[in-house]
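Here chain A shows up in two complexes: once beside chain B, once beside chain C.
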Partner chain A sequence: MRTFLKVIGGLVVLGIIALLAIIFVPVQRTPAQTALADDWQPEEGHGEYAMRLSDCMACHTEEGGEPFAGNRAIESPLGTIYSTNITPDEETGIGGWSLADFRAALYDGVRPDGTHLYPAMPYENFRHITEEDVRAMYDYFMNEVEPVNQQVEETALSFPFDQRWGLRLWKWVALDDPGFVPEYDDPVLARGEYIVEGPGHCSACHSPRNTVMAQAGLQAGDPEFLAGGEIAGWTAPPLRGPQSAVRGWSEEDIAMILGTGRNAHAALNGEMQLVARDSSQYFTDEDLGAVAAFLVGLNDDVEPVAEDPGETETERLLASASPDMGLGARLYIDNCNACHFVDGRGADEVFPELAGNSLVTAESPRGLLTMILGGSQLPSTALRPYRLQMPGFGQRLDDEEVAALASFLRSGWGNSAAAVDAATVADTRASLE
Partner chain B sequence: MARTDPKKEVVIVGLGWTGSILGIELAKEGLDILALERGPDRSTVPDFQYPNVIDELKYGIRYGFMQKPRNSTITVRRTLDETALPMRKLGSFLPGDGVGGAGIHWNGQTWRPMAEEFRLRSYVEENFGADLIDEEMTIQDWGVSYEELEPYFDRFEYMAGIAGQAGNINGEIQPGGNPFEAPRSRGYPMPPMPEQTDMRLFREAASAMGYHPFPRPAANATQAYTNEYGMQLGPCNYCGFCERYGCINYSKSSPQTCILDALKRYENFSYRVNSEVLRVNLAADGQTATGVTYWDEEAQEEVTQPADMVILAAYQLHNVHLMLLSGIGEPYNPQTGEGVTGKNYSYQMNGGTTLFFRDHNFNPFAAAGSSGVSIDDFAINQIDFATEGFIGGSYITAGLSNGQPIRGISLPEGTPGWGAEWKQAIGEWYGHSMSIGSHGSNMAYRDCYLDLDPTYTDRHGRPLMRMTFDWKANDIRMTQFMRRQIEPIAQSMNPDSWRSSYKSEGARYDIRPYQTTHNVGGAIMGTDPNTSAVNRYLQAWGQHNVFVLGAGAFPQNIQYNPTGAVGALAYWAADAIVNDYLPDPRPLV
Partner chain C sequence: MSSKTPQTTRRVFLGGTAGAAALAGFSSLAQSPDTRPDAQAVPLDDYSPEFLSAAEWTFLLAATARIIPSEGDGPGALETGVPIFIDRQLAGEFGTAADLYMEGPFVPDATPQLGIQSPLTPAEIYRQGIPAFDDWCQRNAGAAFHDLDTDAQDSALQALADGDTDLAPELREFWSLLLQNTREGYFADPMYGGNAGMQSWIYIGYPGARANYLEWIGRDEPYPLGPVNIAGERA
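So, the complex of A and B:
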């Protein structure tokens, strides 16, 4: 018995020591992955471009706020996280940070004082950013961004998520090796892979989360990489596999939607609109092409969608204008048909296709319901400035009607997603209010 | 209360078609621009959102998108010896207000005038003798030729995304198009709208009589389209709510669908709504404008806005009003014929025949504003004015723009206007009528003009503008001629009955029934400062930093809807400003 207590006591002491160590022993920072000369200087525009690739702006800028001054509320499953001020302001921003401090935030998710950053900051992906891009971004933030003195709202998650030291344990599980080693020899594909896996941090939304809420795939070779996720009530659709949102799309289609928010098939919705607004519309044509080539490559094993399926049963039903058609079909004619038409194929770059649309057929109907209830407005981009907007129909349709309409869309024109019930609509409606 | 705001390089008065075109073309040059719009801001969502805007009572009858006479109106009289009275209710024409202006609530018919129309006086004198133009008729040449404007028509049509069938490409006649049109450098950017039943019946009848039917050029998109600014249109769905409504569907060309979001990306461009310009301020010597003064509705104060250049891009009536109030050009005097501002106000002479068919169902609820078939066999360049005894012409056209229940149902002659019989007739005839219209020119006359009213003032204390206008025998002869062409076509279609409505001898102008919002003239362009208010680049003769856009520049009215010419002139003027005026600001002529 005594021995047992001793053992227990010993274990407790060890545990405490380990815990204290986890909390107080400074994190070993990941060093630069490439040795660059001390006098290495980025080319003009490199830093800003690397920032665009990494989309720092969308999260670190409040709607209507000063660029990079933080305070944007990011809804996470753990609670609301407020983004930080990353302007070079000495007091409230990152003005006092060294290059090593900056790199540690990107690679290891730690602040200079050792505080762990919540993984809303996608250091799982930013670990793969090259040293050149890190240095260029550091230079950009320190020398080109206007300092803004703004204290941001403190992030106050509930217990146990407020115990940031626990993130150290999480990182042991979640983080993979730093640096970037491409799967592809082809320089275009490798460039695309780099942008997608590293700065572009596509996987942060488009990969599912595993049991500890880490990204279930970080690299092209991981089967769960870009296999689909969910963010802020919207679907971040799979970008590979049988449900791939880009199934059958050409490289031009993908480059177009990233560059302008719209293409011949679909329009960006939800959080992805911010990506086009602040990040991907600024990509060079070469980089858009590289990302597109990489994503098309990820989908080369997927059965493409038939370009023209001919007249479908759904189209015949709608065109019959029969008063006997079901509620969902009737609501479609009364509310949706004007733009999306009886064939569910809309019009290139203006009215998205509903047939095979990943938002419509997503496993979770929430994104679709959010769209029907609240509508959506495309961002203005240089190539396509029009902020085309679908109005919300939440005022016009009750929960039963939205459920019937959504179920019709999810089963029309060859779509085969599960029906939606009114309770799910009510739930989604409540979350929008 | 009053304030003075920091100087701008350009101030644009009005943010409709012309204000938007000048705005974006000058914004590209990096100029610091402020546009002032007297009405509210307007966007497809929420202002034209489905289904809210599909409301005939609110927008069709109660003029939801139009100016309110209590805020802005004119006085009207028909002859010099009448006393003008304020128009307290809109009727004959419907000027809009708000961002997009009339560009949001038009039907979308987008024509090019005939080459002959740009030099009408010369054309008549050369071909029929100067005697044909009597002293009272004050028609003029425009000072710019069709050939000069062709690239700008092309630019406007490709920017706005017009659906149509060319009839003459570089002199080669195209099958299915208008063989009488002036040559265009290429076809329309979109295929024409498909043919509906009434269109087919008219086309067949017109063809059988040897005429040359062609689809109307339409600013209603027939396919997805992206223009030079990257702005987009989606295909029209034939909802039947074009004129008086904003388009629910991104299908009707408008400043909103074609320009504004692209324009708003320029950081050197800004605009203020609910800001009505009261006058253009001139320098002490009167030779240049120093900016404008406007009423800031939100702040409830007058604002002085200094600017290097002033672009008047309001509706025709308001541009002329501002010129009269600001001393831009000498006001026209009908007694002496001297003065230029307000001169040659003219309108549009229209008529039509309605046909009733028991056996045809035209489904008028599935319609678009510009869907239709026309013939130009009686157009200005096809008529022997000396033989026929008038100057002018019309296009003749069939097409149903809507099947709206309050205004859109025609009933045969003799049907009571109310009660059980009316009700029964509505049931019997809805969808069974079509019409053949004549859309005709209107000449300019010595005593048809605009000036400041001696008695009535607006809410800002400014004199109202006075319109003196009446129908004249020449134009009535023209429309009666058209009647004689249309009725045989109608009869050849074997309707169960038909009724005609054309102005006949002695007809007087009546501002109550809607006729058309094609008010033109008053700020006419030309080559002589003694007979025109602006030069061939739409630059004020007396103040070189003032440009006056819009249909006010037409020296008399064309036989077509004005927007095509308004758009081409806007690009023509923008080109002159950018390439000629900005490098060396001065009178361009």
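So, the complex of A and C:
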């Protein structure tokens, strides 16, 4: 009996020691993955461009705020996380950070004092950014960004998520090896893969989260990579597989929507609008082409959408304008038809197609409902400056009507997604208010 | 009938509706204080005017009933709530000339092409115009406008339209305003208080805020669906 108690006591002591070690022993920071000369200097513009590739701006700038001064509220399943001030201000920003400090934030998600960053900061992906891009960005933030003295709102998640030391355990599960090794020999595909997997951190939204809320796929070879997720009430559609949002799209289509927010098939919505506004519209044509080639390659094995399905049953019904048609179809004529037309194919670069539209047919109807209720406005981009807008119909349609309309869209023109009930609409409506 | 008041030009209207309805959305309309997207058609008897006095209201009921009479094929101004529309417009930004250029010079005998020539707001024109015109009716036809029989009312309105009454120069827009606002109340979306039950749209076969029926262009048969209003109601 005494031996047993000793064993138990010993285990408890060991457990406490392990816990204290997890909390207090400093994290081993990932070193540079490529040895660069000490006097290595980025070419002019390299740092700003790497920042654009990484889209630091969208999250680290609040609406109407100074660039990179942080304080943007980021809704996460765990609560609201406020982005930090990453201007080179000594007191409230990252002024005084060393290159190693900066790299550790990107690669390991730790601040210089050892505090763990919440994975709203996509270090799962940023740990694949090259040393050249890290150095160039460091140079950019230290020397080209204006310091802004702004204390950001303290992130205060509820217990246990406020115990940041727990993230250390999470990282053991979530993080893979640092550095970037391409799957492709082709330099264009490898460049596209680098941007998508690394700085572009596409996987942060477009890959599902696993049971511990880590990205379920981080690289092209992982089957769950870019298999679809959800972000802030919007659909981050699958970019591969049978439900791929880009199946059947050409490289030009993909480059176009990233560069301008719109193409012949679709318009960006939700958080992806920020990506086009602050990040992808600044990509060089070569990089847009590389990303597009990589994504088209991921969809090689997917059945493309029929280019012209001919006149569908849905189109015939809508064109009849018959007073006997069901509520969903009638609401489409009364509210949607003016822009999206009876064939559900809209107009190139202006009104998105609804036939085969990934937002419409997503497994979760939430993104579609968010769109119908609240509308959407495209960002202005250099090539397509007009901020095209779809109005919200939340005032005009009640929950039953939105449900009927959404169900109609999800089953019209050959779409075959599940119907939507009024309770889901009410739920979405409440989350928008 | 001359039309001397500032009118929405076709170009502004087309640009405005295409932009607002198709792209910018319906919200900009709904935010204006003189719109009530939730308002049901109010019977005239139950309506308490916001701007007009009892005497002015009595005049307006009588005058709009002659401009778009109830007897005839379609609904009249009274069944469609036109006086309610006008009262609300006068109580709101239209009445206070919020969107009009109101600095001088005002030249009463300027040609109509030079636009409105009154230093008065639309609300002030109604407020001064109604008693002035009633007074003219009293002197020339023996009774206030609403007490005249319909033939006499028509003659009085004709005189007003022809500029044959002795209204002060700053009231010269009274008739054209009254005519224009009556038409607007008859045909505007019900959210503004007139066109109750979309009756005028049903009457002329206008499908309302549906905005598109491309497939029906060139088909020599009536469009089967009734109208829909901006609030999404169907009639």
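The rule is simple: the second predicted complex is superposed on the first by the 433 of 433 C-alpha atoms of A that agree within 3 Å, B and C clash if a C-alpha of one lies under 4 Å from a C-alpha of the other, contacts with A are read in each partner's own complex, and residues count from 1 in each chain.
Throughout what follows, contacts are C-beta pairs under 8 Å (C-beta built on N, C-alpha and C of every residue); 3 or more make two chains touch, one makes a residue touch a chain.
Given the structure is predicted, the values throughout are model-derived calculations rather than measurements.
**Student:** Looking at the superposed three-chain arrangement on chain A, would you call chain B and chain C a clash or a fit?
**Tutor:** clash
**Student:** After lining up the shared chain so the two structures overlap, which partner does A:385 touch, if you call chain B first and chain C second: first, second, both or neither?
**Tutor:** After superposing on A, A:385 lies in contact with chain B but is clear of chain C.
**Student:** If we overlay the two complexes on their shared chain A, which of chain B and chain C does A:333 touch? Say first, second, both or neither.
**Tutor:** A:333 sits against chain C, while chain B stays out of touch.
**Student:** Scan A:20 for contacts with chain B and chain C and give back first, second, both or neither.
**Tutor:** neither
**Student:** Which partner does A:348 contact after superposing on A: first (chain B), second (chain C), both, neither?
**Tutor:** A:348: touches chain B, not chain C.
**Student:** So in the superposed three-chain picture, is A:323 touching just chain B, just chain C, both, or none of them (first/second/both/neither)?
**Tutor:** In the superposition, A:323 touches chain C alone.
**Student:** Can you tell me which of the listed chain B stretches (220-228, 454-462 or 544-552) runs into chain C once everything is aligned on A?
**Tutor:** Stretch flagged for C-alpha clashes with chain C: 454-462.
**Student:** Common interface residues of chain A with chain B and chain C?
**Tutor:** Looking at chain A, the two contact sets intersect at 335, 337-339, 341, 375, 388-391, 396.
**Student:** Taking the touch rule as given, give the residues of chain A at its contact with chain C in the complex, in rising order.
**Tutor:** 319-323, 330, 333-335, 337-339, 341-342, 375, 388-393, 395-397, 401
**Student:** Using the touch definition from the top, list the residues of chain B that touch chain A in their complex.
**Tutor:** Touch list, chain B to chain A: 43-46, 49-51, 223-224, 226, 229-235, 237, 239, 248-250, 257, 261-262, 264-265.
**Student:** Within the complex, which stretch of chain C touches chain A?
**Tutor:** Chain C reaches chain A through residues 21-27, 30, 37, 210-216, 223-226, 228, 230-232, 234.
**Student:** Note which residues of chain A are touching chain B in the complex, please.
**Tutor:** 335, 337-339, 341, 346-351, 375, 377, 380, 382-391, 396
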